[in-house]
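Next come two complexes built around chain A: one with chain B, the other with chain C.
Now for the complex of A and B:
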């Protein structure tokens, strides 16, 4: 979601509060921010495995990215939209079969050992490729990592692998962990998965389950003068209503990932000393998607899927459920990925009459009770918004004579029912677009993923044409040709509707005015916070 | 009739009866009072109460009519409360009667089962049961009954034990009545009244448990319940507290009504006993 996509009302509210109070002084101090201080942040989950090299998810990155660094981080400006971290430069070969990384010199692990190309090679071959949820796809054809010297790592692929993909995936898939702590151990149960050791600006110091994580300043950080903060505390506050109150009481200074509910933002943005920021999530756009089980007789019919798409009032969803903090989707690639986004895809306007006509045409007339058929609808429980959209979708479908029965379940039961047992007709899911369609988006519609893989196509949809485009794009090295293939991909998905994209949103950060340099990159909440500072 | 007269003589009984009768009527005529699906999106979201005559109690986050929700929620609460109480009492009576009348090893075994159920907090039991099986009204009723039958079982057993050795029971035994017949015809009618007085408390507890389950998102999402309305409203508690307050008031009124009725019933029964 970009600022431009926000509704005017939202923009005025958030903008006014921001400008009036802090934007100008914050910008002025951005360069020479004061050092020291303890930043207390709200955390709402305590991941069992905190190793970002294995679990590349935002819940893990939120805490771990301050300790374990990737080769490069996303940036608003800079070459390829990246800013260097452990790698200082990266270059792909013309045949797509190798990528050369120059690594930073003089970097030390938190235990004092030097960081070398061997650590990168070990992480890539032993963790990213075989174990990591996203790395499995990106590095599927990684064959070897050659390390001619301590600061050079050359990735060699057995098949052409687009450099565009590797580049876009770097911030997410390339967290480097120390070889000397993992080699020869069982990686999955290594104690360093919980007590992290990295090269980042903060050291992992303490974890009290149910209470807090404590990270302390790494005095030996490779970028002299950073980090600014002495300590970062992640206080576990599972109750969302609690985060807003804690901010007001100055018990915490920052709540990211919309920990303060959207409904509370209008009020809290008026509280003096608090700023509401919708920037800083551009690199991880969440998409509100209706997943469809194509095994169902009715839903296998394209006309029925089109009818459902026409029955959803995206404006209502954006304005009422997301209170304007979202944008309507047109297809599987969000608007804030301009490199790939194509607006020229079939659109489905909100049109109940047309939806009814399509269903009549498809041969499902309304019965005496006004219903055509019944469906089982499973909204994902992860966000308030996905649950509310489930309640809305049931009503929207009732308007076109489809009786959708809601089934609620906790996260584990929901994932099992949808992605393993296929016990659903429609499901509401919030997949993430991570800068490149090949990272976590094409898997949502591609056929052939075994049952049990979460956030993948488990609706039994199979379209040879689409599969061919996806596999061709996966091997197309030329960035322009590859981008064109993804434009075809978007058109085909929007035409054949293997799933229905409804809206896309980023999260909201709420912080005290005293926190400086907030949201200054597209993955800010999950970046290293080396330049984040506190005004005393 | 006599009993109802006694009940209405106590002020608690009369008020409780009045409240519950009104709620019953509301529940019964809900489709007429507020036609259509109460969960449908009827107006613009977050209308304040007492402003728009079409939505006297306002609308929620999605624009659903709060009054319609409360009217239809009466149905869910009463149905679940009463059905769960009937189920709990039925199970409790059977178990208590069997245990008390059979005695010996059967009594021991059944009472240990009762112990087991009494030890587990009934709400946790219901929570676990619903999360495993899935939320629907019958499951919720069963889940609540599962945690509530132990008390009536113990009470019934105690009653049976006190009646078992009475002369008229011994007499029935002497004239050769079948033990099951004795249990049903001679003991049960005498053991029943205190257990029925307990039933009102079970109804009240069941209504609260149902609301709590719905509040935690474990109710049936396809029907409106006061608990789920409060849970929805909780997200906007600071800006629109009325969304949680109205269903909360409905819940309080219902539970008070049931308690008052139970109080009146106890007094009426006590009166009957002193008259006898």
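Now for the complex of A and C:
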């Protein structure tokens, strides 16, 4: 018996040892991830202003979010879909005129000074509200920030401001910067906008223009045991093929934001030691949208807009242009925003015959050459996919007798032509849904935005009913009532088609297997990476 | 002449739609009209075109290259930072392509129409027809990704702390592929010019004389034929220096080298007029200097050049 037992035990041990080689990565994902190491990440742009409190954009957050922390970050699980960072709790008053934040104790800035409620008050009133691209909207009615003690900040609003909006916007708009470095200086030209000073898990150590950014471990980080990594390096690789090659050659370990083009994913996913991850972008969904210039006689007719919606084969767009890494859209709110998403909106199936019938009905018969009328189509140049969709849309429109003239331009020229000069009939745009429709979605359809503002309604669309819903939602404090208003909003947009939502997508992260704890929150690429680790 | 270059560049950039603020707002994902307005004011973009041109030229007269709006730094700093990398890349590529090209050209031209000549001519024609970006990518896939002999990109190992000789060696391994890609294409050109020049000189009387004098073949090839055929090659070198500056835009992007060409590309994308004009100005000065050097070299190589002018 004993002998039998012994041999069984030995066998089990041998088996366990064998298993360990495969099971180790999964085990290491837990709290006891290995510490140390240098993570090298591909970066494709070098923002001139790296201060996320002023410039709340993904390009800035990608690097800055490891150094400068927001009050709360997005989370897959947890209260309100948030994980506490500099704030430990948040509560809105019933009248919507104040929000109270309890702040974390024992937090220090990278220069050793203590972090207090005064920093939050200063950032909110002097930067987020007057200067930040998104904060100007979210904190438009912020009147004062009261700081009864060092760990409490009470935001007071002049008009009722929905707490739901503030909460959803926290990961994007609430990066806190040190008051002692900004007070009394010209904020826009402060050196700390480039050489960041924050409270985050990593310190900003070095920037070599055109080559890399180097962040190093903050040994005094408030969350003991984090960060795991010694260094994070963002290596500038401007060429589209560069990130994939560098990953294969093991010169970098991670490429986020689809730096490896979709067309390369099938091949690179077969390379041993490399994983392709589509999770981790749920909190910043990009939407493929056809923008419409309602000043055009033909496009002002709802039947024409419906015909165009019926002419687009969304399945083809998802399968062929996005190679399956996207989903078909039903309306202006994406499916992965379940708090607001409403599937019960008018749908436009791919139906060329119906589209042709609608155009006949609208009074645009086919001419001798098979064309009904001509349009100018401007696809945005920012992504391969927006350009490819432009080429597809031209063909789809040709099938229903609309002759679309494709005009391609670079970013600056496109922005001027569409959003300032309104020199387009149809444009392809990739706006972002940032967790709440009020942040950057309603602006796409509401009227009254002056010319020159990118990613806004520059098609001359004005619908009183829709404008009323949007302004009512902006001051509705009750979350349920506000959500209902946004469901009405989705129905109305899908019915009246101020623009046509085609598809929605998140980006793709490609990483070496050695990188642990990747994509574990809905805005991972732009989160703090304190728990990210390297398997040696 | 430099003034003409400046004015033309300015007008060309003006004619492109969209300005630096448009480009910036897009890069940060939007902003409202007040932001755009105040940025235009800060950059002086609200003034008329003529006023801005005059302002630029007058500050240039004081040797001030201006302020880059896309990088928010002085143009001069950016240029000084990036120029050495490009000069290193261009200089090595030129030296390699000129040296290898003329040497192989001599081999090919020593016996025109021989089998060796045919092989070299065909290879050079193929190389010359390959676009530089394609050659760069293929070299990178073969030597950096598959064989892993050389790094895929960059100018040196990131934050390596290397210094002195170790650092120079590090930079050399990083430059091997981009220099190779750039040099191979221009080498083909030099090879063909050298070979054609030699074929022409072979038919001249003094070569016949040298042969009748009983000089050895290698002496005729090197001292008489090659030396005379070298002249058009040197002219070519001056002309190609400008083209190589253009070719480095592509190579620097592919190999992620922070150089002049990539800076120019970023300046155009960001509609950064002061930076682009600074780059073009420095490039123009560079090309003029290289051609001046070529002229001096020419005189040394061919005694007739200086002598005739002195007689006249």
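Going forward, the second predicted complex is superposed on the first by the 508 of 536 C-alpha atoms of A that agree within 3 Å, B and C clash if a C-alpha of one lies under 4 Å from a C-alpha of the other, contacts with A are read in each partner's own complex, and residues count from 1 in each chain.
Criterion: a contact is a pair of C-beta atoms (placed from the backbone, for glycine too) under 8 Å apart; a residue touches a chain by one contact, two chains touch by 3 or more.
Everything numeric here is computed off the predicted structure, so don't read it as measured data.
After overlaying the two complexes on the shared chain, residue contacts for A:456 are found with chain C alone; chain B is out of touch.
By the touch criterion defined above, A:279 reaches neither chain B nor chain C.
In the superposed pair of complexes, A:241 makes contact with chain B and with chain C alike. With both structures placed on the common chain, the touch criterion links A:110 to neither chain B nor chain C. Applying the stated contact rule after C-alpha superposition, one finds that A:264 touches chain B and leaves chain C untouched. After superposition on the shared chain, chain A has more residues touched by C, the comparison being chain B against chain C.
By the document's definition of touching, of the two partners only chain B reaches A:320; chain C does not. Once the two complexes are laid over each other on the shared chain, residue contacts for A:378 go to neither chain B nor chain C. In the superposition on chain A, contact of A:410 is made with both chain B and chain C.
In the superposition on chain A, A:395 makes contact with chain B only, not with chain C.
Overlap of the chain B and chain C contact sets on chain A: residues 241, 409-410, 413. Chain contact summary for the complex, chain A toward chain B: residues 240-241, 244, 261, 263-264, 266-267, 316, 320-321, 381, 384, 387-388, 390-392, 394-395, 398, 405-410, 413.
Partner chain C is touched in their complex by these residues of chain A: 40, 45, 47-49, 55-60, 133, 136-137, 206, 208-212, 214, 231, 233, 235-239, 241-242, 245-246, 248-249, 251, 382, 409-417, 420, 432, 440, 449-456.
Of all residues in chain B, those touching chain A in their complex are 37, 39-41, 45, 61-63, 131, 134-135, 217-218, 221-222, 234-239. Remark: chain C residues 16-20, 22-23, 25-33, 35-36, 70-72, 78, 81-82, 137, 140-141, 144-145, 148, 151-155, 158-159, 253-259, 262-263, 269-271 touch chain A in the complex.
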